Amino acid sequence: MEASPTLFLITFALMLGASRGDFDLLQDVCVADLYSGVKVNGFPCKHPSTIGPNDFFFCGLANPGIPNNTVGSVVTLAHVEKIPGLNTLGVAMSRIDYAPGGVNPPHIHPRASEILFVLEGELEVGFLTTANVLMSKVIKKGEVFVFPKGLVHFQKNIGTTPAAVITAFNSQFPGTQSIAATLFAASPAVPCDVLSKAFQISDKEVQIIKSKLTPKKQA
Amino acid sequence: MEASPTLFLITFALMLGASRGDFDLLQDVCVADLYSGVKVNGFPCKHPSTIGPNDFFFCGLANPGIPNNTVGSVVTLAHVEKIPGLNTLGVAMSRIDYAPGGVNPPHIHPRASEILFVLEGELEVGFLTTANVLMSKVIKKGEVFVFPKGLVHFQKNIGTTPAAVITAFNSQFPGTQSIAATLFAASPAVPCDVLSKAFQISDKEVQIIKSKLTPKKQA
Amino acid sequence: MEASPTLFLITFALMLGASRGDFDLLQDVCVADLYSGVKVNGFPCKHPSTIGPNDFFFCGLANPGIPNNTVGSVVTLAHVEKIPGLNTLGVAMSRIDYAPGGVNPPHIHPRASEILFVLEGELEVGFLTTANVLMSKVIKKGEVFVFPKGLVHFQKNIGTTPAAVITAFNSQFPGTQSIAATLFAASPAVPCDVLSKAFQISDKEVQIIKSKLTPKKQA
Amino acid sequence: MEASPTLFLITFALMLGASRGDFDLLQDVCVADLYSGVKVNGFPCKHPSTIGPNDFFFCGLANPGIPNNTVGSVVTLAHVEKIPGLNTLGVAMSRIDYAPGGVNPPHIHPRASEILFVLEGELEVGFLTTANVLMSKVIKKGEVFVFPKGLVHFQKNIGTTPAAVITAFNSQFPGTQSIAATLFAASPAVPCDVLSKAFQISDKEVQIIKSKLTPKKQA
Amino acid sequence: MEASPTLFLITFALMLGASRGDFDLLQDVCVADLYSGVKVNGFPCKHPSTIGPNDFFFCGLANPGIPNNTVGSVVTLAHVEKIPGLNTLGVAMSRIDYAPGGVNPPHIHPRASEILFVLEGELEVGFLTTANVLMSKVIKKGEVFVFPKGLVHFQKNIGTTPAAVITAFNSQFPGTQSIAATLFAASPAVPCDVLSKAFQISDKEVQIIKSKLTPKKQA
Amino acid sequence: MEASPTLFLITFALMLGASRGDFDLLQDVCVADLYSGVKVNGFPCKHPSTIGPNDFFFCGLANPGIPNNTVGSVVTLAHVEKIPGLNTLGVAMSRIDYAPGGVNPPHIHPRASEILFVLEGELEVGFLTTANVLMSKVIKKGEVFVFPKGLVHFQKNIGTTPAAVITAFNSQFPGTQSIAATLFAASPAVPCDVLSKAFQISDKEVQIIKSKLTPKKQA
């Protein structure tokens, strides 16, 4: 006869004893083994005996990122590589910090919708439908906006002080494809005439954008 | 011959003209028609011609809730009933405000995992696995913790000042089943001996708890 | 040229010969390798050459469980750990036996809906919605009742003879979180004041319930 | 400020009052409105105010079906059309009764895996993989066997007394495609030479099988 | 007693008679009612009595599209709006015709992976990962290439004759977001400085691209 | 502080440098490691550093298959075993070539819907609902037809010249169960009386069909 999980008086004795079932725990959570030699969709799970509360914790969003770059924004991610307990759970977060006038340039998340909460500041935010309709709005501290899965979207700090937001995704690893970088700074490069036809610009103009967006080699 | 979505010079003229395709828009988003007479899993969609940026916006999390109640906490939800644009997108948020010592009592979300970010204060947070192992941790401003889908969890303000958090869910309508209320204040009532056997308490003790948790009738 | 699966005259010769395709079989079923060193969501699959009909078979529900415990019920599970062929198939079963007056105390399955068929006896069964509405009914031999995914539910033998049911789940490993045990007998313990606030009882009353529900250490 | 679902003292008053939230209930369950003029994938939901425990109940499996037909078996279904509360829940049941020697002929369920529990008797049961490997076994009262999603399977009563089983599916409406009937008794008819080539029989033999399997017109 | 779907001799008489079950058919397929006043995720279903083989048929890919435009390519879609029977089935097709040197400019499908088969000609095809790595290849008649879900991709006819391909998607309505048009020809317009920062070009250069990509008003 | 994926100027330097993130790439695609010792649902992924464009390419559909067999058709598959990059992407293709009069006999794909495009010739194609209704149509070059998931379907070349089609599936490995072969040529064999009762033919007739469909042993 098998012990019953709903029969707690007996169950506890069994579960807390020597025969405690690793499998039970494994199925509630599958904490990512980030360094496993086996690669699967998502991550393999750590052995249940090695997991603990810290696998579900992250402190890396507590401090603002420093947007000292050309676009004036910096994204700090809290996805499965940072919080291994997120594996199989289907959620993740990020924090974005913006300098005054800073822009989180147009990008997509191929695997997630996103919901954004303003911690500080005033932002213009928007997404584009496949009919090329812009849905945009100015939002401020404490307000929320939504970006549907897979659609191009952006944010811009329209205030004169730094801004910051918390966003959440319905994927443990939403992925980000930043449009300008993807097209003009990929390696190998996207063929020049594909870009010149797409944007109706000259090959020379394509090269100029490429030169500005491609990271410099370190000396 | 059909117009091509990737052939933008022609497509735009068509899409912005009289024959513009409602269907394109409809499939990117399905903004909830909260008042439709037809009920479906989730919500039917509003007609695409009636949607706009405000369908993806919510200001109701900007101000703290007032936890003037027995448990000392109040949850403000930002789900599909508050943000109709969330329909079919699979995300939602909430804000929780806690008085000093306030508790968000043990509860489950039957349809979502949850990720929590501390806005202010210091909290003890935890969830329970099906093996009845408590995974808990003290977290403070800017830190993040995760509650796996369907498992009982709770938070408690362990500081001497008010605390507040933002949480996100991977469901447009995660649902909440608060354990004590569900068992002791349901209508109709859960049979007394089911509760007395479950908690190993007397029928009288069951009645006392029920009387405390059941909402009073309005005079 | 590749052999065609629909071209059976040729296909058979190939498949039954030396080059027979393990992959074909692997994708129809993925029999759990319960003892693999690699942990994944669910289980890795046994090598197809080692599987057979017994991987899809279980005899452990044939005999009644013996409910000689405080609550008067015992659950016998037929999930993926018992029937490795269930891996990836999304179904499982259980048998529950009840002494007269026995109760399967309030619990949730975080990963499955459940459908129950009465083998013998007369039971009061019910579930609670997130609006704390009890949906309950008395059912007898041959009758069926349904418990939606993630919601608290219970059964009680209201007859004077033993009762038994067969239940099925839409998960290979539905999981069970028995509410009273989860809250009052977890390890580490749920903080006392979280429980006293939730149930509006004194700390002393919390301790009494904990002492009754916590499994005794073996001498 | 919005009422909190975890703040039960306040919540109850609201929920049980005039403003009680239909939406809460709607999302826990979506009881099928079988007679709605609107057809969707699955079924639209009944208005929450009209649902009750009977929507989750079925008594139609209590009595044996009478297998007085050519194959000697009869299936009684307990799916969403019989139990409207199953809508969106992803489970269903059936009862099958077999005369001695009766056969539930080869068939598939296009939308579900199946798990079978023997109520009475002794059966030979089996399924076929896409590599045309038969996985079969003789099972008896109280034993369990599994049929993977979408694969051809069958059962046969090998005892000298009636047999009966309860089966469960991970779909609210698994569908059944009985192979012989589908091919030889469809309306309009499958072209004769498609069948003669498939089974390597003459057109005349196809006609004979068709004549036996096609239901007779009522006089 | 309920009629059995596997009991074909009896079942046929019932199904073909007056009481024939619309529900059975409804669940196999849910043919889109494109003109329903009710909007849902996907489409409501036509009444089963009104569907027929033509709902699963499309002739619009038989003839080449004429790529007489700036980019030199034209896409013809065969999705659920063209083949209503695709509703709920999760597949769609398209045909793309290219002039010599024609480009299908960089775009994403937010809801589908894509697989491409070359009917005629020689193409350079590629997609970009979120690490901005280009995966590209020259393919010719009869060859196949794959574009993962949600990632930017493109094709270019590198031959001196027209080219054509058939592509398939794992969505009934994959959606297309053509990058250049989405960013530079949306309505309302994406803010100028968002684009100038993203592409590191001047506001004047942004205006020039916008003027080229925005469809002209009809006189 | 973590580098931002949307902050491309900084990101590129990081990603293209020594610390470039394998994980980013892993999650966009999970190229099947067909020869891994670990078996999972689908396939484990190859190490990201070893993947390239050829993992997403296949040339095996370019040439017609030769249908020199009894049924007069041959299927060439382009699924995950042929295109390892398809792993986790949920699409696949096949090419079918038919001799004049050739038949692709009735079969099911347990894991996919299918959409068919005619390359050459004229075919009668059809599928059967679970209500045994045949949905069939004659289609010719350039036309498209759809077969819903899990339902029996077939094609027949009704022209006097060879025919060919391209089909696509919404599964990386749709699987094929050819009905006649599955029932009459399985190993071990399906019990004779199961087949004789199902098709209402004699045991001798069952044996004759079996002898014709079973592959001959090689001398």
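Letters A, B, C, D, E and F mark the chains as written, and numbering starts fresh at 1 in each.
Criterion: a contact is a pair of C-beta atoms (placed from the backbone, for glycine too) under 8 Å apart; a residue touches a chain by one contact, two chains touch by 3 or more.
These figures come from a predicted structure and were not determined experimentally.
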Chain F and chain B - chains in contact with each: A, C, D, E
Each chain counted as touching chain A and chain F at once: C, E
Smallest count of steps, each to a touching chain, taking chain A to chain D: 2
Chain whose mean Cα position lies farthest from chain D: A
Chain D onto chain F, rotation angle from CA fit, given as a multiple of 5 degrees: 180
Selected pair, greater C-beta contact count between A-E and C-F: A-E
Centre-of-Cα separation between chain D and chain C, whole angstrom: 21
Length of the line joining the C-alpha centres of chain C and chain E, rounded to whole Å: 41
Multi-partner residues of chain E (at least 2 other chains): 5, 8, 12, 24, 27-28, 38, 40, 63, 70-71, 105, 110-111, 126, 130, 132-133, 136, 148-149, 151, 175-176, 180-181, 185, 187, 213
Touching pairs among all chains present in the structure: A-B, A-C, A-E, A-F, B-C, B-D, B-E, C-D, C-F, D-E, D-F, E-F
Sites on chain C touched by chain A in the complex: 34, 38-41, 60, 63, 65-67, 69-71, 73-77, 81-82, 96, 104-105, 107, 110-111, 173, 175-176, 178, 180-181, 185, 187, 213-216, 218
Chain B-touching residues of chain D, taken from the complex the two chains share: 1-2, 4-13, 16-17, 23-24, 26-28, 30, 33, 36, 38, 40, 42, 44-48, 87-88
Footprint of chain B on chain C - complex, ascending: 70-72, 101, 103, 105-106, 108-111, 124, 126, 128, 130, 132-134, 136, 148-152, 154, 156, 175-177, 179-191, 193-195, 197-201, 205, 208-209, 212-213
Complex contacts: residues of chain A adjacent to chain B: 5, 8, 12, 15, 20-21, 24-25, 27-29, 52-54, 56-59, 61-63, 78, 83, 85-86, 89-93, 113-115, 117, 119, 126-127, 129-133, 135-137, 139, 141-149, 151, 166, 168-170
